[in-house]
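In what follows, structures are represented as structure tokens.
What follows is a pair of complexes built around chain A, which joins chain B in one and chain C in the other.
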Partner chain A sequence: MSDQVREQKDFTNAPLCLSGKGVTKIFGFGNKKTVAVDHVDFEFHEGEFVSIVGESGSGKTTLSKMLLGLSNATEGEIFFQGKPRDISSGRKKREYWKGIQAIFQDPFSSFNTFQKIDTVLLDCIHMRGGKNLSKEEKFNMMTEACHFVNLEFKELTNKYPFELSGGQMQRLMIARIFLLKPKILLADEPTSMVDACSRATILDMLLNLRDEIGMTVIFITHDIGLAYYISDTVYIMEHGKFVEYGKADEVILNPKAAYTKRLISDVPKIHEEWDLSTVDLMA
Partner chain B sequence: MKNTLRQVFHSSKFVAGFIIFVAILLTMFIYPLINPGNPLQQIGVGTFAKPGTYVSLYDATKAPVSTFRLPDAAEKRLGSSLSEEDKVAMVEWFEAVGADISDLDTNDTEKMLEMWDEYYDPSAKPKGMIRAKILYYGRLDKSLKEMGNGDGDSISIAEPNEEGVLEETKKILDTDYVNTKEVANVKTLPLGTDNFGRDVLKELVSATGTSIRIGLIAGIVATLIGLTLGLLAGYVGGFLDDIIMFVTNIFTVIPGFVLLILISYSIGQEQRGAAVVAIVIGFTSWTWTARSVRSQVISLRNRDHVNLSKLSGHSLVRIVLTDILPYIASYVVMAFILQVSSGILSEAQLSLLGLGPKTTEVPTLGLMMNWAMLYSAHTNGSWWAYFPVILTITLISFSLNLMNTGLDQVFNPTLRD
Partner chain C sequence: MGKAMLEVKNLKTKYITRFHEDVYAVDGVSFTIEEGKSLGIAGESGCGKSTLALSMMGYYFPPLHYMSGDIIIDGKNISGMDPDTVRKTILGTEIAYIPQAAMNALNPTQKIIRFIEDVVHAHDPKKDKKEIREMAEKRFAELGLPAEALNKHAVELSGGMKQRTVIAVSTILNPKVLIADEPSSALDVTSQKMVIKMMRELMEKGYIKSMLFITHELPLLYNVTDDIMVMYAGQLVEKGTAEQMVFDPVHPYSHGLMKSILVPEEGTRGQKLTAIPGAPPNLKRPPDGCRFAARCKYAKPECRYSAIPEREFEGNRMYRCLMGVDELREVYGDE
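Moving on, here comes the complex of A and B:
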């Protein structure tokens, strides 16, 4: 990865892309009530690379589902490009999804195993209104998208996603995003199930894609080191609440919340003895 | 797909079930070509002719005769005339007069008759034997003597001449034989006839076809209803799920068979064709398919590939057809096979109670059992009227269940041996 990544821009004055006020998600009711996301406020700007960091069960994925419009918030409102988001009908949802896309954690379960790779990529072209393009134009678009993620489309035609490696599948996901060119990309731990080498490649591609399309990337991770390395802004989430947020440098180099400090000390370091004093081993 | 099929045909259980089922299907298609005609035609007068080959007596007398002097002919003739009751009575006499019967074989007619000549004495009055029994032995001895005088016996055939007086035209000796190929009318009834004098095998083949068709229609109806409701309830969820599950639960708690009986009865005998019965069976047996499809869909609907499909802007119908259905297809096929099997059994149960398809159009396996039961085939020993039917139902059910178990093992690796 290039060193440019660490040069963090200031997005405070950039136009808002996605924001939320008092967004809450409650599962169950009565004694079995679980508050997964608890009145969170956030502001994501255009072109910003935002990381949402938290441990398992902190509500990251639930929040991402609400941001994607795959589940409804119990309370609060989400604003898309400054206006209240309206996903009340199937048509409106489809319109919203032209602006927001996702990469999921598990590449092996992200694709329909009964559909060929060509179908996956063609769907993206059709969604962008390219239904009437000639076969050749579609082929060129798919080849370009695959080329962007270092894949050869010719070698992928008539193949099924499960015939690829995990890293290749995640790259194919990025190729999908390249074709769809959404305003926002929500990446839900896209590197947690691939090896270290593939992880660097995928992160590099995500950053290149952000620069190429100018989209906002919401990167959900449990790895605060990774978040520091690539993000402009970091949100720390604990038990469904944002305990701290701000520029990556500020949050990670000068953590204020005890939870952030703990997350930072939990990162294993190669040349230092691992400080486990803050880790509650019984938990 | 190709790979899955290869895996399926590697399962010995599936292959065994498949072979049995295909054999039944082939018989269903080929036998009517060999033995064409209406399976409900009453060829016999009287009920329950035993299985075997029947030769026209009239034609046999006209056929060219060959003479054979077979050494065991007389004995066989005697053997076939001597009933089991007679044999038991003879053994009782031997016992009463104190003969040694420790190594007596009742099937050895020659030995039995030899012993009878030796031990029977018309003047003997064994102790404790009533007079009526002694008189019975007298009659038995007489009939045995008549049978025994076989050598040189003949039967005369007389036909009326021009004046109306009987004139002997032919004499049939006990050494005369005819070749069955020379006899004009020979009929083989491998499973005899039923109470209406119908060829049981022909009827059975036709009934198997009808029953499998009923099973298939019932299976298709039940699977379609169960699949549609299960998919809707599982994928859409919410209020629609509540309504569908409410209806499904109502159908589940009412015993399906009672419902089946009530619906069949209310339709009435005249309107109850095979297809109607099949549809009624289908309408009362979809609940388990609906419940299990729903639970499978619920586990699938939040998978990443379904979410990705939603994000790709696919419609509900397309998501259900391309992202959900292929994942539960194997399960649906297995449920369908079980529905076919239970459809055939339900028809048999319903017909046995007299609520099956109307009896004048087509035979079904259930109807054949019903007829056999009504005409007491099980009490008068006419096993051929009901036993082959039971065996066929068992074989169909067994083969379908075997295929199902085989498929289950292919699609669910934890069940593999």
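Moving on, here comes the complex of A and C:
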């Protein structure tokens, strides 16, 4: 492996991009009440690569839906660029979505089956106010976006998304983000359905997006090894609460919470013994 | 050397598409698993790992077709048998298979005990239901599964629990070979660890004699299996022990794969991951020469013309490349 190591940057003084205070989500009421996200506070800075790590059912996806404005928080408030977020009307929501975009887990269901790839990418250009550009300029923009994700636009024209492989679809999703250039990108387990090889490519592209456009990336995953590799800051989530957060090096090399320690010990490693005796099959 | 449990010799199978085109998904694969050993298969999507697992069961249904080669389980050749005989005499007792989507393998309208009755009755129609229940309860208790799970429907169980139940059901008749096709890729790390522990216990207690484990998660493979094979475009490109394959891969493709390993260990942060560029070749028209040549950094012109034989080295290891072992190691060392 090359010795090119990314430095651990300090983001505490960078301007705030997205933050929340006491954000809570409760499903059901009375006896059947489930607290999915329980009074969480967070601060995501501009240009920061944040990971939210937790097991299935820890509330990662519920939180991401609230961040995206797809569901309302029961309590608490979310601030976008320092100001309270207002998504009360459809128009305001669309305005907000210019600032935040997402990549989801399943690439096969992220695209409209009836739209060709050209249309998908053209829509993105139009959303950024490129409606009056000439055909040539639009073509160049689309080619550039596809080049960014190692795809050939010439081979993609007149194709439908389902003609691509999973990894290619996920890359096309990143090409969309490249054209839209939002302030924040929320990636909800974007690599869990692709193999280890395409995973490396996709992670590299996300890092490039951050470095070239200065996007804030919020990366949601259950794989702590992946979070350690890619992120500046890690938030560990258990039962709807952040049990630990901080710089990736600090959290993962010196975990304090018992939950973090367990998550790390559960990941198979190659230089250390993987201790299987800690698992209780009856649990 | 232990007794060979599963021997596959020059196995070739193909898919016939609806346009009558042949896709050679497994093209001349040979390997042996000894008693008490486990073997892992690594490779990216579309390289033929799952097809190899399906072909090994001897249970062929269109579009998959058998072409040539031998599959020998504990001295008994099952290749070329008719699918119905295979289902009645081989599946379950000689060879068991856990599919990739094991979570969806359970019929939602039936209780777990019914699947066990089904499996047992397929081989021994006269067996008493009470006996089967006793047998199932004993096995579930040994594997750390609660006995109440037997009376539950699949929807009442969590994902990890479902996966473990599927494994317990498919190994109830003590098969000689267990083929696990990505059994843990849909689970989170904690459930994955439980599944792995259970499979280890099955091996230790002697319920299954050998195991074939397919996954693209290399750190997992390193911790679970004794030996690892790397597959590319329907062929094996390298074979060796887990230790050798992870720390000293020889073939350029395995070398690239091992570079995509991500583990939460000191020093891995911020290292540049290098992915292998390009995509695997179309298996309808496999290339004449080395199948990896189009994506290989070190490819020479002759790689593209001549077929490359499997070459043995250092005793038990095998690789498929024109370059010599020392030459390749030198090239990797320079990077």
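Just so we're on the same page, the second predicted complex is superposed on the first by the 269 of 283 C-alpha atoms of A that agree within 3 Å, B and C clash if a C-alpha of one lies under 4 Å from a C-alpha of the other, contacts with A are read in each partner's own complex, and residues count from 1 in each chain.
As a convention for this text, a residue touches a chain if its C-beta (ideal position, glycine included) is under 8 Å from a C-beta of that chain, and two chains touch if they have at least 3 such contacts.
In this text, all values refer to a predicted model and were calculated from it rather than measured experimentally.
After alignment on the shared chain A, the placement of chain B and chain C results in a side-by-side fit free of clashes. Contacts of A:Arg199 after superposition: chain C is touched, whereas chain B is not reached. Applying the stated contact rule after C-alpha superposition, one finds that A:Cys17 touches neither chain B nor chain C. Look at A:Phe114: by the touch rule set out above, it reaches chain B but stays clear of chain C. By the touch criterion defined above, A:Leu67 lies against neither chain B nor chain C after alignment on the C-alpha atoms of chain A. Between chain B and chain C, the partner in contact with more residues of chain A is C. When the shared chain is aligned, chain B comes close enough to touch A:Asp123, but chain C does not.
In the superposed model, A:Gly167 lies in contact with chain C only, and not with chain B. In the superposed pair of complexes, A:Glu55 makes contact with chain C only, with no contact to chain B.
By the touch criterion defined above, A:Phe104 reaches chain B but does not reach chain C.
In the overlay built on the shared chain, the residue A:Arg94 is in contact with chain B alone; chain C does not reach it. For the pair chain B and chain C, the model built by superposing on chain A gives 13 Å as the shortest CA-CA distance. Overlap of the chain B and chain C contact sets on chain A: empty, with no shared residue.
Every residue of chain B that touches chain A in the complex is listed here, in rising order: 303-305, 307-316, 322-323, 326-327.
Of all the residues in chain A, the ones that touch chain B in their complex are 68, 70, 90, 93-94, 97-98, 100-102, 104-106, 109-115, 123-124, 127. Listing the residues of chain C that touch chain A in their complex gives 44-46, 143-146, 159, 187-194, 196-198, 200, 216-220, 222-224, 246, 256-257, 259-266, 268-277, 279, 335. Within the complex formed with chain C, the residues of chain A that make contact are 1-2, 4-8, 55-56, 150, 165-167, 194-201, 203-204, 222-229, 248-249, 252-253, 262-264, 266-272, 274, 276, 279-282.
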